[in-house]
Each structure stands twice: as structure tokens, then as C-alpha cells.
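Below is one structure, written out as C-alpha cells, with a few remarks after it.
Read from first to last, the chains carry the letters A, B, C and D; within each, the first residue is number 1.
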Amino acid sequence: MTTELHVVGQSVARSDGVGSVTGRSLFTADRSFPGMLHLKMVRSPVHHALLKGVDLSEAEKVRGFVRALTHADVPHNVYTILGLIGVEPEEEFVLAVDRVRYKGEPIVAILAETEAAAMEAVSKVRLDLEELPAVFDVEEALQPGAPVVTHWGNNTFMFEGHNCRRVRYGDVEQGFAEADHIVEGVYSTSPIEQAPLETTGCIALPEANGRYTVYTNTQALYFSLDNTSIILQVPGNRLHFIGGMVGGGFGGKVDVIVEPLATLGAMKTNRPVRYVYSRSEEMQVSSTRSAWKIRVKDGVTSDGRIIARKVTSYADSGAYSRQTPYALTKHAANAAGPYAIPNVWIDAYCVYTNRTPTSAMRGFGVTMASFAIEVQMDRIAERVGVDPWTIRFLNAYRNGDIKPHRKPAEDATLIETMQAAAVLVGHDLPEAFKAMTSDPRPTQEGGR
Amino acid sequence: MARLRGTGMAAVNYPTGMNLGGDPSQALVHATTSGSFIVTLSATDLGQGLRTVIGQIAAETLGVAYEEVVIDTADTDTGPHDMGTFASRATHRVGNAVKAAALEARQAVLELAAEELEAAVEDLVTDGHGNVLVNGVPSRSLRIADLASRAQFQYGRTIAGRGSFMKPKSGVDPETGAMDPDSTEAHACTIAEVEVDTETGEVAVLSIRSAYEVGRQVNPALVRGQIVGGAWMGMSHALYETTEPYYPSRDHSPKDFAEYLMPGPREVPEIDCVVLEMPSSNGPYGVKGVGEMTANSPIPAIVNAIYHACGVRIDSLPVTPEAILRGLDALA
Amino acid sequence: MDKVIVTFELAGRDVDVMVSPMTTLQSVLRNQLGHTAVKDGCRQGGCGSCTVLVDGEPMMSCLLPVEDVAGRSVITLEGITPTDGLHPIQQAFLDANGYQCGYCTPGMIVVAKALLDHNPSPSRDEVVDALSGNVCRCTGYLPIIEAIESAVRAAGQQEARA
Amino acid sequence: MTVTSYFLPDSVPEALGLLETHGSSLLVMAGGTVAMPLINEGISLPGVVMGLRRAGLDRIERVGAELRIGATVTLTRLLDQDTVPMLRQAAGRTASWSIRNMGTVGGNLFTPPPGGDVAVALLALDARVTLTGPRGDRTVPLSEFWTGFMTSDLRPDELLTSITVPIEPGATTFVKFGRKHANTPAVVTVAVHLAVQGGTVTGARIALGAAGPHPMRAPGAEAAITGSALEPEAVGEAAAAAARECQAFTDGVASEWYRRRMVGVFVLRALTELAQPAGPAIGGGA
């Protein structure tokens, strides 16, 4: 960058800072409108069951009750948010029809004059449920005879004809055969809630000319608008989504969960409708980061070069897909780690179980791959008898290396970053490592 | 009872942006009668400071002061399309779109200035302080603000620009996994220092120190905010938080901030970082992106530090004090 | 169900509100009096984003029926922000980037104000203790602690000059 | 039910009258830090509620050799007294500053485990509770007050109006171990009061929190150190006894296995601290 920059690169004061330190900035649910209704959800109390009946008779008597919304009111009740980029099948139910697949699944939306009245009405809805066996472990869910979670097939997402996202590069079996050491590890994680300080929520407002304004704290306005348009079968130009301040997202606000039903409520009542998650809903019902089980098997030479890496990963998607199939693809693109490895085999499964659906969270599919790979690297270092820095410098990827998904590496700077980290913590690297760069390797070594 | 110390490291990279459906962002820029500029978007600011960094990129490209740019975003009636804020994509994608839109608006300013200064457009430059001048002849210069307002009433021209940036949709070969999944890569190397109480299994994180390489830093203070906030989140992922403490059992799921364990202000370690800037090949002013990756390297660095401290290597998260005690019992 | 009238002092002046029984102070401040700097992070007493001062003491307004503060003095961040400019603590949060999304910030600043009212030069441990009831998911707390410490220093210099 | 009426009686007799009128349908609330979250979330839907904030039960005073604490004295005010240091330690380890400004000592006795850290201290201090009903007051030792998980000797027509703590010499210590250092549920809470004569323990009260359906004494551990000089063998035996006899449970914060192990660890640490060479300091402690 030859030209000298004036603004980019400066730590200027944030343009929204005064609004934050005075609390004057308006967040979605800071707004309220005359005649605004409150939506509270009747949720499944069990993990997996047939839904045989819903009795609203007691709920309707509650003072302040206005109306209920069931699956029959939803124009396009079965959907999947990645349908916008061609992912299928449509498999999640805006409101349950005849089966519930996770504890907390939405069944009936109650609209009332006050939150207290809505909560009281929710407590008086009687559900006729016949419990079914549930499955919570990803590997059990893959066994024949396991309870089937999805309504369209077995318990894995199909990636263009395969039951997992695959990466095949080189020949891992040959690599293992040539290796001096075989190092294996199994790395597993639990679901994690994004837990933004502001819970997911929106307010839908009927406008004069048949349009609907929706104040929402989604992270993706058009993604939410387009999905709401499909679910409600309403042209997109009748929907006007407005964001503004978002009290933290971390991936927890890309599920298009509250906007469709709040807008449907506004349509059916011609009154503003507020649908905001309580903290316990955000904790227990909003989507989480997937739990992962990642098996790594490496073939390593005696001097510490990794010549084969086989990764088998299971992401626990919970009862529905949401964003998780995408996470598997991003996982597969990064599961081998920032290392130059000639033979790589990756199978990444998106598995369904009877728990809260999982979706996006900061690091989407890569965070837990980095956890597995970077603990595995220390395992390899120990086996080969070198220190953790050495094993990483020996295998670090460089510009021009062909990555397992066949895209040549560019903008790679792992080596320079590790060198800077060593200086920061006062770790004295050997001269050879200090001299290394991420510049492309000399051609005769080729893609290594 | 012993308190054992250990250090551990991790080195990671992280991709900027998405690919499966195409990853587009658009922006509009226009000058107002007062001569300041409005940037219109639909991208959302989650608190990471998108408005500020996009304002800086627009001001830099237009050659005006940062205070002269207003960001109007998050409204689908006025803002052109944007995919959304995730995947460390916003600064890279929205930044590129805003830069393109600002360049178009800047060109309109230069053409107007060329007329007024009776000079060739090619000879004109902006000084970054709101002035257009003939290159090398500071005396022949005009205020961009004046030009922008005269454009409205005198010339009847719009000073505006449209910009868009898209990483084209690229699918995945189902057999081999061949794909073009991202635009550039940021990097981090983290060293964590921990102290393990061998009687209670408690892990105190003493320090998290990282080197990051994130391409051009548009606002270094905001980059540091992501690194410090991410180090805390990584520590929380590694040692504390889960919605299912006994996964895959669904029992005992927390329902409030008391039961959902996250480190508090008392537990936060010393967090230090150094940031390298190797400009990316395709980001605005060499931007890469940093927001999404900053919890990643601290997690394995902490797990590796625990092993170094007490010889217990735990391969499942979160690493609870119970898991460490059971590991120590097994070693004994 | 008959409504009740409750009178309390808000930022120095008396206000009367008509509420259904046991409406929380949080709900009254946010939905009837426009004090939306009182945030709504959990309604369980676990996040601190709804902290207000009641007779100068920090309390969680989400757990307080408004009747309980009848006749008492309530101060929200709106009452701490001067009509023009910023309170020194707010300026310190701005300068130190002691915030990101801004949702926990009002609660943090109200607690910081209460702390400095009680103890003009708290130690770092005392700052950390005071913040233990306020959750932040973005910053990792260090910028917030540094903001409060710089406010303490600034107040100290102010003292020295006064 | 949506709340139809919320009473704030300004005397005990008025409160008892309301209790009599509404009977068991009346939800009695003190600081609200336990009841309000349940009401806010629609889990608890009471029709009529009584708050005791104004009922005149917020006095704390030393009366002879006893500290008398009104049921609605806030936890913050326990921090301001130093007549019974262990109560200051327990209050300081409970929740956060804002919650301590609202939560009450009486309310702490009804907090479900693993909450109720002040209650654990009161049990080790051999406190007594005063229950006031239409027929006047009766006092019950705290050790006999709880009858099971969330159940106690309090009759439907009574209110808990005060807690009385004997001020007696002895070595005390209090430790609350949680996954965080502040504002967090207990993994285990240990409160110890030892009567000591010439270096020998003549009387021991060890109370455990978050290790049973309510705060509980650990008689086996107490027996193991009574008559000892807190030598390591006795202390080790007491810790093992406490771990065996406690009724540890599993929740989202800790498993039964871990709680039981931590009971042993922290009873050991508490007694070891009291056995320091400087001799059991009266009222010393963590």
C-alpha cells in the first residue's frame, strides 16, 4: 500500500459510542406500540412424541387472551432456512403438526394483551402427547434401528448423494503404510449457547398499505426477510425489516425463528405483535453451537512430517438442520488444519438427534476442528519427541501449497505469526525456524 | 495438594467469508447538500463496530474526514442487499462494496472539480482532508464539501456511487471435496499459562498471549477488542460453558446466567497480543477479518497447558475440575 | 383486578404510575416512563443489565415490584447522564472502549457510579467485586475494568486540582 | 393466575391477618430474589402475594449474648456488622452486590440448594428461628427447622420473623467453593464452629451446604475431631466422615461424585486452617 492512509488504520472513536454509554441507543425490544400484543409459545415438555391433540378451551378463558396460532395458520409451515441457497429438504415445522422432536419445540403461539395474560394462557393449554423413544447420542443415532428423528429419512443429512461431506486428497492408506508413527485421538465437545445479553426478539407492525414493518435483532436482515416471505407466502416487497442495535449475536441470531410468527400474528390481528425470547428460552430452546465428535488419525515420519491425516467428524445437529449442514462443509474445508499434508481423507457427518436444533456460533464448524487438530499436534510432538513449536514449524502450510480442497493457499502467514508469538512470550526459536517464511516453496518440491 | 503450572500453545488460521450460495454485499454512497456523505447498507452491527470501520473505509476512499461520513444501515427498504454479519465477512465484503461505491462518488467529485479548476481529471488528487487539488499545485484546490453542495443547486448532478462485492457461488465436488470456500486467511498463535489445583481440579488461567495476523487493521482498538473478548470466550468454552453439562444426556440443562457457567471479571487472565498486518490480496486496503476466529486458538492452548501442568490430557470440552481429578486419579 | 397508583422519585422528581399489581420496576421504567437504558437481559437477577440505584444502592429492577419502591428515590442511567456532555464514568467507558454491543453498558455504568459514590478510590479487586453481578459477553471484562480504573484516576486528579 | 393483589403489610399482625384471610394461596415473599424470577418466567403464577419488606422485620441488634436478626434484614447489612464475623464472610460470598442489597437473611433459609450460603453459617452458629403465628411466637433450633427439600417446620399460619445467633467464643471458619469466585452457585459450602479449651476441641459444629436437600450438620465429622487437638489424623478422619455422611447431589454445576469429593477437601482445608500453629484464633477464618 504505497499511498499514505489518513483514516483507515486509525483507532477513531466509535460512531455509536455515545449512544451506548448513555443507554440512549434503541434496541429492538426497547420499542413499544399502542395496542401491542405479546406472543408466548406453548412448547413441547418432552423430547420426542406424537402430538395427538391441543385443547385451548381453558386458555381462551384467560382475561386478555386474544387468539392462538397453530400450524394450520401458517401458509408454508415446513421449511429450511438454507433453502435460500438451494439446500433441501424442507424439514422443520414453524409450528408442530403431529409430532414433536425436541423438548421446547414450538406447538401453539398464544397472543394476549399482556405478557402475564399470555403466560397464564400458555399454562392452561392442554397437550395430548404420546411419548416416543428418543436418541441423544450421534453414534447411536447412526445405528440401524435407532429412533428416526427426521420425517424425511434416516438420521443424517445427505450431501449430494453421500451421507457425509467428503474430502479425498492423495492416498491416506498409502501414507499410513509409509509412516513411522500412527497417532490417533478422539475429541468431543458439548453444545454451547451463544447467550447474547439481548435475547432474540422482534416486533411486527401492520402498516397502512398492507405492508408489515418488523423491528428485529437478526444478524442478517434480508436472509430473515426472504425466509419470512416464503413461510408466510407473502411477496418480499410487503415486508420491511429494520435492525439497528443488536445486543450481541455470536451466530445466535440467524435462525429466522421469531419474525415469521410475529408477522403472522400482526396479519391475523392487525395489531403490533412482540415476540421476544425469555432468558430461559434463549438458554434452552434457541439453537446452540453443535456438539462435535472428531476422530483424527495421523501418519507421521520419524522426523515429524505429517504425511497422512484422516478425520472423521460427527456434528450433532439436533432435531433439525438450520445452518448446520453449511457448518459441515466449512468444517471439511478446514479440518486438516493449517498444515501441508499430502494425503488427506475427511468424512464429516451432520447427524440428527432429539435435542434443541443447533445452528451457527462464532467459528462455525472451524472452532472445534482447531481444538481437535491443535491438541492432536501436541500428541504428535510428544510421540515424535519434539517440542510443540517444532512440530508446527515443520508442517506449517505456505503460499502456493495445494490444500486438501484443492485451492492453492494464498495470504498464508502462519509461520510469521508463530515467529511473532515466540518473540511475544520470549521463546527462543532455532535459527532455521526464525529464517522460515510463508513464501511459496521452491518448485522442485512441488505441492509436497 | 499442589498447584501445578503449565503452558500450552496453538496455531490456527481462519477463512474469511462464505461460498456455497455466493457471498454478496452491496452499498450506496451519496453526498448531501451540506457536503457530507451518507453510506447506505443493510448490513448489521452486532457490537463489533461495523458502522465505524465502514465509515473509515468510506472516508478514506472519498478523501474526506471520518466525521463527514454517516452510516445508514439495517433497513431493507433503503439498504441494498447484504448476506448478513457472520463468518468474519462484513469488513471484507461490505468494505469492498463501500470502497467501490465511494470510488464512483469520488469520480463524480473529481469530474466536477476538473470543470471548476479547468484541469484534467487525471491530474487531480484528494489530500485525505476533504480537499481536491491539482497534483503538486496545492494552491489550485477546492473543498469536496463545497463541490458536493454546488453539485446539488448549481450543476444539478448527483454525487453518488453504487458498489457491490461478491464471492461467486462455488459448489463442492461431492466425491473429492474440491471447493473454493473462502477469500483469504487470517492467522493466530496463542500461548496460554494455567495453574491446576490437584486437590480440587480447578484450572486458573494466568495469561493468554497471542500473535495475530489479520491483514490491514482498519481500527486497531476494535481489533484488540475482538482479540481480548475472544480470549475470554475461548477460556469459557474450554473450561466452563455448556447447555448440557452431562452431554449426551439432556439432564440438568441450565436456564439462567447462574447455572450457565462463564468466567466472571475475577477469573479473567492477563490478555496480551501483538498484531501483524500482511495485507490480503483481495480485501479493501488489504483487510482480512478477525471477529469470528478469536475464541479458537485459546481453547486448545489452554487444554495443552493443562496437560503440560499436570499430565492429564482431556479431549472433551468443557474440561471440568471433575474430569481433571479423574485424570489425576488414573495417573496415580 | 384493580390497578394501583404508585408514586416514587425518579431522577429527583416525583412520578405517579398506574400499574397492575406487582408490575416490576423494570417494566414500569422501560414501558411507561421511557427509561429504556434500563435493559432487559434476563429478568432472573443474573445479568445486571437492569441495575438501577434505589436510595443510592444498586438493585436489580427486574426483581422489584414497583410498589416496593413507593416513596423511595430511583435513579437510572438517564438520571446519571448530564443534560449535555457525559458523566466522567461515561467518558471513561467511551475512551477505553469499555463496551461493544452496548447492552450490558448501562448496568455496568450504574454499578460503577454506585461504587465510586461509596468509595472514590477503590482497588482493582474492589472494582472486580462490584462488577460480579454484571454479565458481559463481548469484551472479556478487561476494557470495562480499565474504564472504571481510569475514571477513578480522573476523579483523583479532579480532586487534586479542585 | 395473573397477580390480582400484592400486599405490603406494615406490621406483623397485619401480615398474619393476610395469611389467615388467604391461607395457602398467599405467596409470601421477602427479598424476591427467589420468587420473582419464577413469576417473571411464568413458572410460578400466584394470584395473591405478600411482600414483607415493610413489615418491620429489618432490625438487627445485639441483645446480651445474642445477635437478633430480623427476617428481612438484607445480606448487605450482615456485611456491615462484625459481631459475628462468620456471617460477614457468608454474606460476602453470596450472589452479587445488587442481589445482596435485596436478598434477606430470612429468605436465605428458604433458598433451594445449592443456594443458601448464609443459612449454612447460621446452622454452624447454632442459630434459632422465631416463628410467629396467631397464637404468638415459638422458637425452633435451625438444626430442626428444615424437614426435607424445600419443606420446613413453618406452619401455614406462621411467619418466620427473626433469627437469633448466640455470640459465643470459639474458632470459626467459612468457605464457599463455587466454579467461579463470585456470584455463582456453590459446589460445596462448609461452615465450622469449634469450642476449644487448652488446645483441645471440646465442641464442634460442622455445617455443609449444597450437599443435601438443605444445609446439614455433619455429626460423624464433628465426633471425629471432638476431643482432638486438630492433629492431622483427626482432621483427615473428620473430612472422610463428612464426605461419607453428606447427601451430595448432581445439578448443572457439579456432579454428586465431585460434590462428595469436595466436601472432603474443604472440610479438611477448613479444619486445617483452624489448626494453624497460631492456635485457633477466636473468630478467625478465611
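Here, contacts are C-beta pairs under 8 Å (C-beta built on N, C-alpha and C of every residue); 3 or more make two chains touch, one makes a residue touch a chain.
Note that the structure is a prediction, hence the values are computed from the model and not measured.
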Suppose chain centres are the mean of their C-alpha atoms. Which chain sits farthest from chain B? D
Taking each chain's centre as the average of its Cα atoms, which chain lies closest to the overall Cα centroid? A
Whole-angstrom distance, CA centroid of chain A to CA centroid of chain C, is 34
Distance in whole angstrom between the CA centres of chain B and chain D is 48
Per the C-alpha means, the centres of chain A and chain B lie apart by a whole-Å value of 18
On a C-alpha centroid basis, what's the spacing between chain B and chain C, in Å? 30
Among the residues of chain B, which ones contact at least 2 other chains? 46-47, 49, 221-222, 230, 233, 245, 253-254, 256-258, 260, 262, 264, 266
Touching at least 2 other chains, the residues of chain C are 1, 20, 42-44, 46-47, 97, 99-103, 129, 132, 135, 137-138
Chain A: which residues touch two or more other chains? 14, 16, 63, 114, 116, 195, 245-248, 250, 278-280
If each chain is a node and each touching pair an edge, is that a line, ring, star, complete or other? complete
Footprint of chain C on chain A - complex, ascending: 13-14, 16-27, 29-30, 32, 63, 114, 116, 195-199, 245-248, 250, 278-280
Which of the residues in chain C end up touching chain D in this complex? 1-2, 4, 20-22, 24, 43-46, 48, 51, 54, 57-60, 62-65, 67-68, 111, 114, 129-130, 132-134
Enumerate the contact residues on chain D facing chain C in the complex. 2-6, 8, 31-33, 36-37, 39-41, 49, 51, 53, 76, 95-99, 101-102, 182-183
In the complex, the residues of chain B that touch chain D are 199-201, 240, 245-246, 251-254, 256, 258-261, 263-264, 266-267, 320-322, 325
Residue set of chain D touching chain B in the complex reads 37, 177, 179-185, 250-255, 257-258, 261-262, 265
